[in-house]
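I've put the structures underneath this note.
Each of the next two complexes has subunit A plus one other chain: subunit B in the first, subunit C in the second.
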Partner chain A sequence: MRTYIVRRVLLFIPVLFGISLAVFALLHMIPGDAVDLMMGVEANPELRAQLLRQYGMDYPWYVQYWNWISGVLRGDFGVSMRTGLPVLPEILSRFKVTLMLTLYSAVVSWLIAIPLGILAAIKRNTWIDGASRFLALLGVSIPNFALGTMVLLVLSLVFCYYPPLDYTPFLASPLGNLESLIWPSLVLGAIMAGSVMRMTRSALLENLQQDYVRTVRAKGAPERVVVLRHALKNSLLPIVTIVGMQIGSLLGGTVVTEQIFSLPGLGLYTLTGITQRDYPVVQGSILFFAFIFVVINLIVDILYSRIDPRISYR
Partner chain B sequence: MKKTVAIVAMLAIAFGAAFGQKLADKQVLIIGADANPAGIDPHKSTAYSSVRITNRVYETLVDMDESGRLVGKLAESWTNPDDTTYVFTVRKGVYFHNGRLMTAQDVKNTFDRILDPANGCTARSNFSLVESVTALDDYHVQFKLKQALAPFISNFTSIYTAIIPKEVLDANSGSLANVACGTGPFKLAEWIPDNQVRLVKHDQYWMAGYPKLDGITYKIIPDEAARLAALRTGSIHYTTLSAQNVELVARNKNIVVKSYQTRDYYFLGFNFTQKPFDDVRVRQAFSLAVDRQDIIKKALKGEGIVAGAVSPTLEQWAIDVSKNPWYKKNVAKAKALLAEAGYPSGLDVEMTVPSSYPDVVAVSQVLQQQLAAAGIRVTIKQMEIGQYVAAWKSKGHQVMAGKNGAGIDPDRSLYFFFHTKGSANVWGYSNPEFDSLVEQAKVTIDQSKRAALYAKAQEILYADAANVFFASPKTYCFISSKVKGFEPIVSNPEDFKFATILK
Partner chain C sequence: MSGTNDTNVLSVRGLSIRLATRDGGASVVDDASFDVGRGEVFGIVGESGCGKSVTAYAIAGLLPTPPLRVEAGSVRLGGRELLSASPAEMRSVRGRDIGMIFQEPMTALDPLYTIGEQIAESLEFHSSLDKRAAMEKAIAMLGRVGIPEPRRIAAEYPHRLSGGMLQRVVIAMAMINEPALLIADEPTTALDVTIQAQILALMNDLVGANGMSMILITHDLGVVAETCDRVAVFYGGHLVESAPVGRIFAEPLHPYTDGLRRSVESIGGSGGKLYAIPGSVPSAGRFGPGCRFHDRCAARVARCGIEAPPTTVLPDGRTVRCWLRGEEA
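Moving on, here comes the complex of A and B:
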């Protein structure tokens, strides 16, 4: 197991190196550069040359790449071309927001999805099953910007309430943190719940038809034990896979929700970086996302062997 | 009877205003800002998100009042003993936020920074004719020019020429991107990126008794619907929103909408290096096929004015475009001109539009319908802003719709955008007669002679259809009815010096 983890971690290096090259290349290939956008109509060749020099953009691309990546290896992600603030501390402080949002959303989605999924499976083909499946379909198909805007509108028009404008960090006040994040978490959680619920239902249904379930029932175990202790445990594998994937993409994909609820998260940071072609910001954040994604994949793989001891990695 | 009621009502209102309305305990104005400031260096950060902050924190020598006249701000007055010399008398008793008194030496140090090409300051190109800047004594500073320059003083109204203290610049190794120290009514207290910018009152502000507010806090709320919701619930006091939202708050007593006429205009720019847009008849056909009132009605919700390259708010400079023959819709003549140019069966063009400007997109869609009637078949190509800027720089477009700022001096509106060597002439437009007129006007100090030259230049520009110009939009400020003493004006739309907040 340990050698497996070491091998996987070593594999991070070529993956992240490849991604760093791809991000750098893509960003420099798309039309429009940071300096042009910064100057707008005030552009003139002299100002342009000066700004290019200032941001080290007058070197050939491989020198620029080297300057960036060698800094990254030393833990220096550079400074934002627009705000002059160092990139890595910004990424880390915003990541905390996105991370909390993701965790809350995941909890919300489990609270909705797993009970509903179980209920739908054991009451198969009843109205409960139908209603749950309808809700799940709604969750999968409603875009988060629509649901987010609706929630804000209902809160402000009906309840004359607007979520706090200041983001409160968890360590400063857990309750304040919850108030900052509860509405966007409900939105994201409700949407995530759709696919988790469907996966729970189908995995559980499959397991409930297995021979071992009949055996468990035959030995007289109550239905609660049959479902929760035996069948659900064996259905966890696909559920963990989908939850892992969702958390991975949420950590990089809460852009729209962060925008609607004005949360200073990593998604908003990256999006602003992209529209302004703020190279150090975009390169740094994408590399960071990639890192998070491979780490989560690793965690999910390790969880597999915990859940199902038959899976072993060598 | 009616009269009595009216008088009683008026008295009640008057007394209410004088005695009934108490000030709120917390005099901090909360603004919903759509974007995080892209840096707060007054000389380098040009985004609106930045300028709305730097304009509160820093000040310039000269200001423009409501009627477009140049008046002193940090300069009490100025003289020009001859065409190439200007002497500013610097205001006494002005303190920077670090508590130091401002002197003429600060003006000199500021311009040392702006004029040094190594610094890449935005305003440098406007001061390329400056030969020397000298502090004559503590309160007089002299600018020597290489030659006469008519728009010289107006350049000093731009926040890109804000007066800064050199010691703060030096202490931050030459960068003001995320620190601030000016002479303005508010000073920077805190900036948490993508969350808030907090300004507090500058106690030593030179205008005695102002600002009334204790501070301004900008909350970053990128989503328009979210800003409106926050204003409705009273979480914020002020925000800017697009015209569509005016109807939504029409019956809301707690929200007041104030608008002001901007100096921006919508245009259609041709690529002169591509056929057939080098043919004046083709361009004229575009101009004649367009109904500008209809654009205002459909794309700007009926608000806005028909405009040319020079903002109609600058009455002494702008000609009355409604009398210009090329502004009158005439589809038959447009068709005839196209036929004459060799396109009897019409023309297919691709129109590049910046997708992040919904107002420009709306204008382009109305244009598409109007031009179709004259046989000009338009395909709209929406581009992300970075791509759009790259397209106009590399002349990769056919025609492009956009929005430009006409500026406060016709030298910017005309020379800067349309002279053969104008640095914003991305079209490739070149007319020697126009060039010579705007060159002469640039060095003509006599205002009426200068105006006559610009009037001629504008006639040429519209007859050449260098761009097709349409209309100038308004900007809408959505304000809580608790905020008093605030009136947006175009040259300084968010000046909250005089504002107070009622209970």
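Moving on, here comes the complex of A and C:
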């Protein structure tokens, strides 16, 4: 197991290297660069050349890439071309917000999806099943900007409650942190819950048909044991897969939700970087997402082998 | 057919099971009655789809309802009616009074728990043993079903064991609470031929040593001849004949039983062609009002296609469901 993890971590290197090249190439292929956007098209050519030199953009692309990637390897992601602030500390501080938002959302989605999925499966083809499936369909179909806006409107117009417009870090005040994250987490959690619930229901139904469930019943097991100890545990693999994917994409930032609830998260940072062609910001953030994704994938794979003894890695 | 008495562990009367379908439903088992005596090995034979497994699941309260549903009848285990028992009462019967062994050992165990955990689980539902004591008992039981190094095997997961070993595990699981009745549904069908005899012998030994009764469901007449005391033959959901195993081969009463016997004997004989009963089994729901075997029966009379024969009990206790025999008796 340990050698497997070491090997997987070593595999991160070529993956991340490939992604860094791809991001770099894509960004530099888009017409218009940061300097164009800063100065407009009718800029003074001399001033333009001076800015290009200042940002190191007058070198051939491979030299530019080398300058960037060699910095990254030393832990220096460069500075934002717009704000002049170093990229890595900015990413890390924003990642903390996104991480908290993701964790809260995931908890919300499990609290909704797993019980509803179980209920829908054991009460199959009853009104409970129908209602749960309808909710799940709503969850997967409502865009998060619509749900987020509705939540804000209802809170402010009906309940006269205004969610805080500035973010409180967890360490400063856990309660304040919860207050600033609870509404966006409910929105994202409700949306994530849709697919998790459907996966729980279908995996559970499939497992309840299996021979081993009949054996458990033949032992005189109560339904609670049949469903929770046996069928649900066997259904965890697909559930973990889908939850892993969701967490991965949430950690990459949820631009719209962050915007609506004015959270200083990663998604917004990246989006602003892209619109301004702020190369170090975009390259740094995307490389960071890629890193998060491969880490989550590794965690999911390790979880597989924890859950199912038939899966072992060497 | 004698009434319920002390020597019978199980007494089934007039059991009818229906399958709900979109076009009204089909009779899967119709009016089956039989008794299983104390210490007796009772065989149920028949082709696929004849209702033999469904009968066993109905006894244990494990019918998938819907679509299958017990329509009428009575199942008494040690004098206690099971068909009207509540789900909670049936849970306390299953695993404690009735043990079950299944056809496919490879899929009968939960892949995510160890062998020992799964055997100990049977104890958890029916006794107050703590975890460690239950595990010790499970390990001892593994030894009794002939598993080498039971302590090591108890810690293994099912995928590490062969089919034959797993069937021993399932047997250990079914017997650990020393149930009065063991129901084995085609316990050797999925196993290698060389393992089949071992498993049968093991089940026979354990059942005999513990004074248990067993219902052995099979389509293999050879297995019946070797293991069973009495046997019931099912055809198309009808229990067509029941008799002590010696008599059923020596003097079959029903034309279908006779056909089965002849097809087995022709395999044993040298040279000649294999005997086969002409035609094929009609599927449930396609049965007419008459005897379900009549269109394949060489001895049929006009009445056979019109009216289903009643079950006739012979003076020696054998039963047969055939117009020809009914008039003789």
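Convention: the second predicted complex is superposed on the first by the 311 of 314 C-alpha atoms of A that agree within 3 Å, B and C clash if a C-alpha of one lies under 4 Å from a C-alpha of the other, contacts with A are read in each partner's own complex, and residues count from 1 in each chain.
What we mean here is this: contacts are C-beta pairs under 8 Å (C-beta built on N, C-alpha and C of every residue); 3 or more make two chains touch, one makes a residue touch a chain.
Since we're looking at a predicted model, the values are computed, not measured.
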| item | value |
| --- | --- |
| Touched subunit A residues, subunit B compared with subunit C | B |
| Partner chain(s) touched by A:R2 [first = subunit B, second = subunit C, both, neither] | neither |
| Contacts of A:R277 with subunit B and subunit C, given as first, second, both or neither | first |
| First, second, both or neither for A:T83, with subunit B first and subunit C second | first |
| Partner chain in contact with A:P264 - subunit B first, subunit C second, else both or neither | first |
| Touching partner for A:Q54 - first (subunit B), second (subunit C), both, neither | first |
| Touching partner for A:K219 - first (subunit B), second (subunit C), both, neither | second |
| Contacts of A:Y162 with subunit B and subunit C, given as first, second, both or neither | first |
| Contacts of A:K233 with subunit B and subunit C, given as first, second, both or neither | second |
| Footprint of subunit A on subunit C - complex, ascending | 60, 62, 91-96, 99-100, 102, 104, 107-113, 121-122, 125-126, 157, 159, 170, 173-174 |
| Subunit B-facing residues of subunit A, complex | 30-33, 36-44, 46-47, 50-51, 54, 82-85, 90, 94, 149, 152-153, 155-157, 160-162, 165-167, 259-262, 264-265, 268-269, 272, 275-277 |
| Subunit C-facing residues of subunit A, complex | 210-212, 214-222, 225, 230, 233-234, 307-310 |
| Touching residues (chain side subunit B, partner subunit A) in the complex | 30, 35-39, 41, 45-46, 117-120, 122, 124-125, 175, 177-178, 192-196, 219-223, 225-226, 229-230, 232-233, 235-236, 356, 384-391, 393, 404-405, 416-417, 423-424 |
